[in-house]
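Letters A, B, C and D mark the chains as written, and numbering starts fresh at 1 in each.
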Amino acid sequence: MSHNTFGRLFRVTTWGESHGPAIGCVVDGCPPGIALSEAEIQPWLDRRRPGTSRFVTQRREPDQVRILSGVYEGVTTGTPISLLIDNQDVRSKDYAGITDVFRPGHADWTYQAKYGVRDPRGGGRSSARETAARVAAGAVARKIIAGVRVRAAVVQVGPHAVDRARWDWAEVERNAVFCPDPESVPIWEAHLDAVRKAGSSSGAVVEVEALGVPPGWGAPVHAKLDAELAGALMSINAVKGVEIGAGFASALMSGAEDVDEMRAGQDGPVFLSNHNGGVLGGISTGQPLVARIAVKPTASVSTPLRTVDRDGKDAEIRTTGRHDPCVGLRAAPVAEAVTACVLADAFLQHRAQVG
Amino acid sequence: MSHNTFGRLFRVTTWGESHGPAIGCVVDGCPPGIALSEAEIQPWLDRRRPGTSRFVTQRREPDQVRILSGVYEGVTTGTPISLLIDNQDVRSKDYAGITDVFRPGHADWTYQAKYGVRDPRGGGRSSARETAARVAAGAVARKIIAGVRVRAAVVQVGPHAVDRARWDWAEVERNAVFCPDPESVPIWEAHLDAVRKAGSSSGAVVEVEALGVPPGWGAPVHAKLDAELAGALMSINAVKGVEIGAGFASALMSGAEDVDEMRAGQDGPVFLSNHNGGVLGGISTGQPLVARIAVKPTASVSTPLRTVDRDGKDAEIRTTGRHDPCVGLRAAPVAEAVTACVLADAFLQHRAQVG
Amino acid sequence: MSHNTFGRLFRVTTWGESHGPAIGCVVDGCPPGIALSEAEIQPWLDRRRPGTSRFVTQRREPDQVRILSGVYEGVTTGTPISLLIDNQDVRSKDYAGITDVFRPGHADWTYQAKYGVRDPRGGGRSSARETAARVAAGAVARKIIAGVRVRAAVVQVGPHAVDRARWDWAEVERNAVFCPDPESVPIWEAHLDAVRKAGSSSGAVVEVEALGVPPGWGAPVHAKLDAELAGALMSINAVKGVEIGAGFASALMSGAEDVDEMRAGQDGPVFLSNHNGGVLGGISTGQPLVARIAVKPTASVSTPLRTVDRDGKDAEIRTTGRHDPCVGLRAAPVAEAVTACVLADAFLQHRAQVG
Amino acid sequence: MSHNTFGRLFRVTTWGESHGPAIGCVVDGCPPGIALSEAEIQPWLDRRRPGTSRFVTQRREPDQVRILSGVYEGVTTGTPISLLIDNQDVRSKDYAGITDVFRPGHADWTYQAKYGVRDPRGGGRSSARETAARVAAGAVARKIIAGVRVRAAVVQVGPHAVDRARWDWAEVERNAVFCPDPESVPIWEAHLDAVRKAGSSSGAVVEVEALGVPPGWGAPVHAKLDAELAGALMSINAVKGVEIGAGFASALMSGAEDVDEMRAGQDGPVFLSNHNGGVLGGISTGQPLVARIAVKPTASVSTPLRTVDRDGKDAEIRTTGRHDPCVGLRAAPVAEAVTACVLADAFLQHRAQVG
């Protein structure tokens, strides 16, 4: 079974391969009457666009989105919104060598094992290029939850974590590495330059937060807001871990330390901490929703790696082609988009049941 | 919206409150012709049963499961299997104090904020008692994927992690704390005794693994095996983090270190490491599926905590009632059950598409 | 695959076999804060209850419903509502003869062909007894769409159709055959007595209408209100046809005759006819929603019928056991319940998207 | 809520408006390894294409389909198949008059009532143009169930029904009105010419059958094959009734007449009749699956009709634009496509559960 649709009410079906003619998505369930144009979607795509700095793949894609349905005279009509992005800078010959040899750490072998057939060009469906469609969908999601602000930052590259005391959200937009800590920027750049020159790659951690989520979104048991978010974030290419609020650190705390105490506030309780990352019992508390994801290093490295070929025999591979030295960087805008989609879906679900 | 059904093809709908007359689930989509009896489900329930040691809640529930449908003459018929467990040791008076005051760190306030009404007795629907129904469903799931072995162990309690060099799966069944490392057992017991006496609680980390998953289960993009697993594990009460394989540690690695190289083997490739935890591109590799979850400390502590009451005014609460000093312990059998359900669903989905 | 869940947001999962210990359902997605008690559900079950007249099966079931979850202090909490009805008058020995011989016109052979195993007692899962669970769920659905009145009547029994000029809804509650036309009652009773004495059975047509559905419920393309309703009604046992509004008669009309013209009204347009049965483009018009279903005669007749046995050999069968001479009668309350469920689901879906 | 996805495992998401730049669909869940090309899809589109005879709309659309994903080197890869059809002969000015006045019998008013906004050009999303995307998806479905033959014929146009004694499937391909009875063709043509010249329109009945469906497809309760089919067929534009097998006629029969008796056969039982239309208890019997749909006359007629405008005031409308005098004709290939999709989905579901 293939299942390329996200969501219960705000539903996004993505399609497309890395080197096919185009990629895209169908966004169904969007409320009517929302102003929407290609110009509003484009900036989000531009943020994750390849070829914009030396720290991301040198593939050059304009990633120009077209709205093919669901919008009339600049306003959503409530019918499905078809979004299409042409693939342009397709250099499939770069991948000629990987048709018969499986790249370790990639999905080459598992796709072949599952389907008995695969599109090897650029990783086909398993390429991170698919996430462009999610970013486009996320731009629509943001319009639905207009009162919520979703933003992400890279908080660790390889071993180098940001100093949270220096956190500045504005800084994230000023550098090419989505870093909120100005002093970490040169450290990361040096690390990534070294990695890139060595033909290697680096892992990263991304933090995403959503401000303005009202209390009450999410639900027991299998629509828990954090469960939905964890599943959605884990579905991003190369993500190997998800944590909410204090996450794995909460295992170290005592109950009295971990608990977020409350005091009377103007509009409901004020929480004295946010170890729960804005979710209790799967339902939003009104505090910032906070999640972090671990992104493994790109498996495409120039070091020769041991692998097998289609005949099952031992082989060796050095990956060429154009790759991100740290896919974690571009995971930031993707994590934002995915979070926005989860929240738009949760909002509609909440409105359905509670009005 | 409430959404209490897990799964696409192997579907489990759980219901019930902590202090209602019963809890249970409906398991739909089970293949026909599988031998199934209450006696086969019961042992799994017994493993997570409360009242079995001083480290878990003292509530005494026999947790006797009854099969009400879907099985005829000891064999599944392909129709929905209704499983019911009576609640017996219900002492709602213990919770009288929490009707009007919200316990911080619990779902009391968020349920009230969402629904405007809630069943406060024992946490109602948000109680971990719901997981008994999942364990029952997991027992059915295990029968569907008979060639797969799913097992879990606690790997960390508070700050005390196991020494993996001493890992012994058999040990997990010999102690009350699901610990695979015999030397960690007394350390954890001392820690938990101290915590319990102090009226406090402890977090934990649980590791679950599935052996015998063939290559090819899972699928792009929103049915990725790791994405499904992450969502399902995060939906367990008190879980705040999920990682697959190397998880967050993979952020620290270089691409060449992280990648799982392959060599020719008898039945397909042999992997030289398992940093990816048995999943690549969302599809199983045939290696052991490995996940870890962070479980926060029980929010029920006897220390007075600051909170608010139903009128929104400042209040103070000391939680009484019977609670687990470390919910992470009983999360082990629950994580197994949830993983078995995810795998049964993935198996059926794979068979649907690929045959 | 088995799929025993109805609905997208208002979701009803039914379970249970005719001669198992109980049947029931889990109703998920119900809004919170709705007054609900067993006493409110019971009357609807009593209307379809067996053993109430000589025209329905003589099986005597009290059909007493119990609410096991989702309701606290008489009010829905937004969590799943588990409803359970014990089976009591189980005389499985009546069915001893059908374990090895397939009753033609029933699902005996198809269940065996599909699953390779079946519960033959009373038809097992394929028995119309399953509809009791739907009637219980329908009672919950009615509370959600409190402004809508859903009612059904039998409009034809065998060849005898009602005279619509004499239609009186109050009459439906006065006779045992759900007939809105007082003069048809004795005709039907005579017909059914003859059928019953002959060991035969009769088909019927049931009409269901919903008053007070506001404009705007339903949606393109696969959530069209009439498509959802058609699917749900066709899923009722023995139903072989569904029509909306003028239905098959509309094939005979010209466009100008068929079209429902409009005039300006106080609250939106007033329609001058209702050939479309309250739905245009899959969305409710605000007019009464009108559907009719064709119910085939019970396949259980005392005439010897040609069939095959489990060894695939020719056999003969005369069905004994207790059966409805006209299942169409009890299909009326079931059609109401199913329609109420469809509408509750449509209401929640509409509220989700449009607010 | 909008819901434009059909199916559980074989899932088709359609998108597009009548006068937008394109329409299309995403087909997800298709098994891998199936030969598929645009040339195989095109003939099915050509059959429902507008502008091919004087009995259908004169809009001229080449309806050229493009495969944008999911197929590599002529073979399906198991990933989503994106199909796109450009809209070309868009004459929106024909519809200028209907922006402010609602066409009765169309979805104009209900879309406006639901969404508060709509694309009025050519009916927007509610146009039968959407069905081209379904026909394309149906072509993929046919490849999945290669052993099944799905075909449809018009069996009644206005009051003129075919003589079943003269039924010849080959004839259906020889005339422009999908008629299996050569002697009915001139009668229908005369009827339709008269209707067209009068600026009126005609209803019709279409019969669809599927040969070669093995026993066992479908399932209780909400995945009954006939229930799924009824829902899917009713979702086709202008359909107002669906019947399976004997359908409404079964209401007139006695149980002994209606029941399909069985005799021992080579490969399972041989049925002596097919009043149940190939389905018993929601599961296929192995006999031909037979369904009929009632299609109302096109609501676009040149007679002045009473209606209201956007201000809610009385208005009059004479529909111009290019329309089918009998939409029932082109419903034949659409009904085939929809039936093929239902069967492909049922096949995959059956394989999932039973293997």
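Assume a residue touches a chain if its C-beta (ideal position, glycine included) is under 8 Å from a C-beta of that chain, and two chains touch if they have at least 3 such contacts.
Model, not experiment: these values are computed from the prediction.
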*Return the chain whose centre of C-alpha atoms lies at maximal distance from the corresponding centre of chain C.*
A
*For the chain pairs A-C and A-D, which is connected through the larger number of C-beta pairs in contact?*
A-D
*Where chain C and chain D are represented by their mean Cα positions, the distance between them in whole Å*: 26
_Interchain centroid distance [CA atoms averaged], chain A/chain D, Å_ = 39
*Gap in Å, rounded to a whole number, between the CA centres of chain C and chain A*: 46
*Please list all residues of chain A that touch 2 or more other chains.*
1-5, 8-9, 14, 29-30, 32, 78-79, 114-116, 125, 219-220, 348-349, 352-354
*In the complex, chain A residues that touch chain B*: 1-6, 8-9, 14, 102, 104-107, 109-111, 113-116, 125-126, 130, 156, 158-159, 195, 200-205, 215-224, 226-235, 237, 240-265, 268-269, 272, 275-277, 279-286, 294-301, 303, 305-308, 312-314, 328, 349-350, 352-354
_Footprint of chain C on chain A - complex, ascending_ = 8-9, 29-32, 78-79, 219-220, 348-349, 351-355
*For chain B, which residues are in contact with chain C within the complex?*
1-5, 9, 11, 13-17, 20-24, 26, 28-30, 32-33, 66, 68-70, 72, 75-82, 84, 114-119, 124-125, 348, 352
